[in-house]
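The two complexes that follow have subunit A in common; it is paired with subunit B in the first and with subunit C in the second.
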Partner chain A sequence: MAGPSFVPRAHDIYPDDVPMAAPNFFDVPADESPLQQLIRHWMNERHSPDILPGQEDVLGGLLDHIRRQSNTVHLLRSDPDSSEEEHFRIMLAQTEIERVKFVVRSYIRTRLYKIEKYARYIANTPEVQERLSQAELNHAQTFANLTEDHFNISVLQALPEHQRGLDDQTPFTPPMIPEPDKSRAVFVHALDDCPPVRLPDGTTLRIQKGQIVLTPYAVVEQLLGIGSVELV
Partner chain B sequence: MALPVSLRNSVTPPELELIASEQLVEIVPLIAMERTAFISGAYGPLRPPTKAKIPIWMAMNLKFKKKCHIVPPDWLNVEFLQERLIQETSRPEFSQLPFRFAEVAKLLLDVAQDDIQNPDKIRSLLKDIREARQAKSREGLQKIDHSELSLPNLCSMEINEIRPFFVRAMGVLTHITRDAATEARGFDGL
Partner chain C sequence: MSNVDSRQFGDLATQLVQESRRSTLTDTLLKYNDSLVRTVLREQRALEALITAAIAASPDQTTFAPSLLLHQTALLRNKRCLLAYHAHRLDRLRDMYWSLGGALPALLSDASLRARLAPAEVDFLRAYNTALLDFRGAFSAELDITAGITTPPRDLHVLVRVVRECGVVQTELGAIDFKGGQRYMVRRADVEHLIVQGYLEEV
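Coming up: the complex of A and B.
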């Protein structure tokens, strides 16, 4: 039958005989599937205090895949005389769609949370803006303006002129524009042997593949950027 | 807010289970299914009684409907865990276990008890291993400073468990060191 079906795609992500040789429990398959990539970026985003570069390509690819898979499921369901085997495939495909949707949603929500929290910092920092998608950037700017207007209308306009600022730098008080705390510690798992990084105490650290280290985010920021480490 | 408070600083065990259940597990299928393309990859064909490898979530799903037997992974048996427990209690370092062993063990023991030999013994071994390792984590806290702490062979669930406390501890130490440094510079200036 030429109708819709779950045709295996070009090549398999997992060969049938995954080598079971050395008990290297950390071995990441050489080519991560898009879903695994998204899961990695999702966890990185959840653990990192800063906003990481948005993974629009991975996300877009997966959303397309979800759409295609949903269409297939929909068409197959409308077929009244499908076999029991087909029922199982439909059920499994639907379960997976929901699982992937969960990860996608949680990833986007995590970013949204940080964007709203640091909206004014983002609006003032072009370097961070580069890590956001256009939609996220628009949201950050609108959100920053909205809160600013709200503060002005509800309180600030009734205050004396010199107390109206929203970015005063008073010593010994927390800054008025919250910024990501890059000194917060994160658990890092090295995916590769990493180039040496400088620790806050002045020494250098060379993280080896497979190692797990607890260290301030600022130390591994660059390594995370090049994908040599993941946060766990 | 976009993200509930409970999810802001850590991930939850069910989320870790979701990630762990992407891993593959061997099953003995009881239904036939052609090779099928899923989002995470293509799996199958399932032809009873030939073993096949599919993601854990899929295996759990079929298991619920009594359409497969799950073959527990190499490390989920009494002998292996017994040996790890001995290592764990006799040596100071963490023994090597799969990164997501706690999640996988829980998922499989929950749904596929009847496919695992001696599940009760395995449960109690896992509990003993967990306790031995927890004690070591707590001891590791002594070595924490403001810049780096290496944690070889620590597992996903254990990291998640110690995360809030360790992250805060390191944060406090960072503060203390930073304050001390500024103070020292202040004295130099005098």
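Coming up: the complex of A and C.
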């Protein structure tokens, strides 16, 4: 007996599946799919020197979606009624899942890299802590402690008492707790007409929709926060 | 301090930093230079003694010998160099850890690497691994965050050659016994970690 075709069956199991469309980078998307949103945040995160607010909702939604799709695929693969053509579609769906996983993984790892790099700065700065998820925050604190312990064991405990500080404020030397360098240059693509921003030399810059501009990160930090620009 | 007359304060610490530079440039982890670290630490204590003596020798505690500034600068610089050396090694160790896909036993069972590590660094790696296991746990139902992030996957399946025998591996399509020198067509997700750890090689 012939079962219903692939698509309706897949939809019956999980009616809320959102189609994963290919990303479209240089048009302003009226309604971005979760994957497009994550790709935008992923690119921003990869290009920004600072840690951006974590996109837990988008990420959580996509992770759920990956899990559901994997289950669906698994179910359909083991269904003997699936035809040859359906198997081909299943393979496409699986490939797409793997590619989405790649973006998710890269997003998580990019954040993890910055979190470890600035772990001690994060541990001392409540304002940055708000941008992290609970798991990320825990890891930042653990990692900050780990490095400090290692410094203590390897170096500091052999030094006289008052040389053991890990945040000496000495003139002419770089700070002992590395901070993100917000003056680093980034390429910005405007998704909207932006309100004017002030450049370091005092002049103002008004970025129009669709323009691509190279500026220090600090200049566009606010614009990135409200989502009218993306980093490219 | 003057067993070698031509040596200046900070020379030894500079050697430490140069080792770090060499390590970066050649992309290798050099042996932990325990004796040099100890010598710099001794220099630190000697500098400390000089400074304490200079302060004690000051008659009114407001004017000090000019050499004090010099010693203090050397002291602060040495400390930063020491910390930089250790921080750089930790960075390299983390890179190695990730390039093996977070396989700590594989990393630590490498005898030649083990010989180049300080005991404290092995402890650090162990603690780091534990901390990461907690972090990975949050995503383990959906994906393994330690898999590669350099090239996006093109195909579901991949043709691999066995470089080192790794025994029977359970995959979605059943168990596969990877024998040395043979080629297999397998699902990438099933063997990703074996490729990363160098058991299999993509053809």
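Methods note: the second predicted complex is superposed on the first by the 205 of 232 C-alpha atoms of A that agree within 3 Å, B and C clash if a C-alpha of one lies under 4 Å from a C-alpha of the other, contacts with A are read in each partner's own complex, and residues count from 1 in each chain.
Here is the rule we go by: a contact is a pair of C-beta atoms (placed from the backbone, for glycine too) under 8 Å apart; a residue touches a chain by one contact, two chains touch by 3 or more.
Given the structure is predicted, the values throughout are model-derived calculations rather than measurements.
When the two structures are aligned on the shared chain, A:Q37 is found in touch with neither subunit B nor subunit C. In the superposed pair of complexes, A:L205 makes contact with subunit B only, with no contact to subunit C.
By the document's definition of touching, neither partner reaches A:S228: not subunit B, not subunit C. By the document's definition of touching, of the two partners only subunit C reaches A:L63; subunit B does not. Contact with neither subunit B nor subunit C is seen for A:S48 once the two complexes are overlaid on the shared chain. After overlaying the two complexes on the shared chain, residue contacts for A:L159 are found with subunit C alone; subunit B is out of touch.
Of the two partner chains, subunit B and subunit C are each touched by A:T95. Within the superposed three-chain model, A:A135 lies in touch with subunit C and out of touch with subunit B [touch as defined at top].
When subunit A is checked against subunit B and against subunit C, the one touching more of its residues turns out to be B.
Counting contacts as defined above, subunit A residues 66, 91, 95, 99, 102-103, 106, 109, 112, 116 meet subunit B in one complex and subunit C in the other. Listed in rising order, the residues of subunit C touching subunit A in the complex are 37, 41, 44-45, 48, 75-77, 79-80, 82-83, 86-87, 90, 94, 118, 120-121, 123-124, 127-128, 131-132, 134-135, 138-139, 141-145, 147, 149, 152-153, 155-156, 188-189. By the touch rule above, subunit A contacts subunit C in their complex via residues 63, 66-67, 70, 91, 94-95, 98-99, 101-106, 108-109, 112, 116, 135-136, 138-139, 142-143, 146-147, 149-151, 153-155, 158-160, 163, 168, 170, 173, 176.
Of all residues in subunit A, those touching subunit B in their complex are 6-9, 12-14, 16, 18, 20, 23, 25-26, 33-36, 39, 43, 46-47, 62, 65-66, 69, 84-85, 88-89, 91-93, 95-97, 99-100, 102-103, 106, 109-110, 112-113, 116, 183-187, 199-201, 203, 205, 211-216, 219, 232. If you check the complex, the residues on subunit B that touch subunit A are 1-3, 7-8, 11, 15, 18-19, 22, 24, 31-42, 53, 57-58, 61-62, 65, 67, 74, 96-99, 144-154, 156, 159, 163, 166-167, 170-171, 174, 177.
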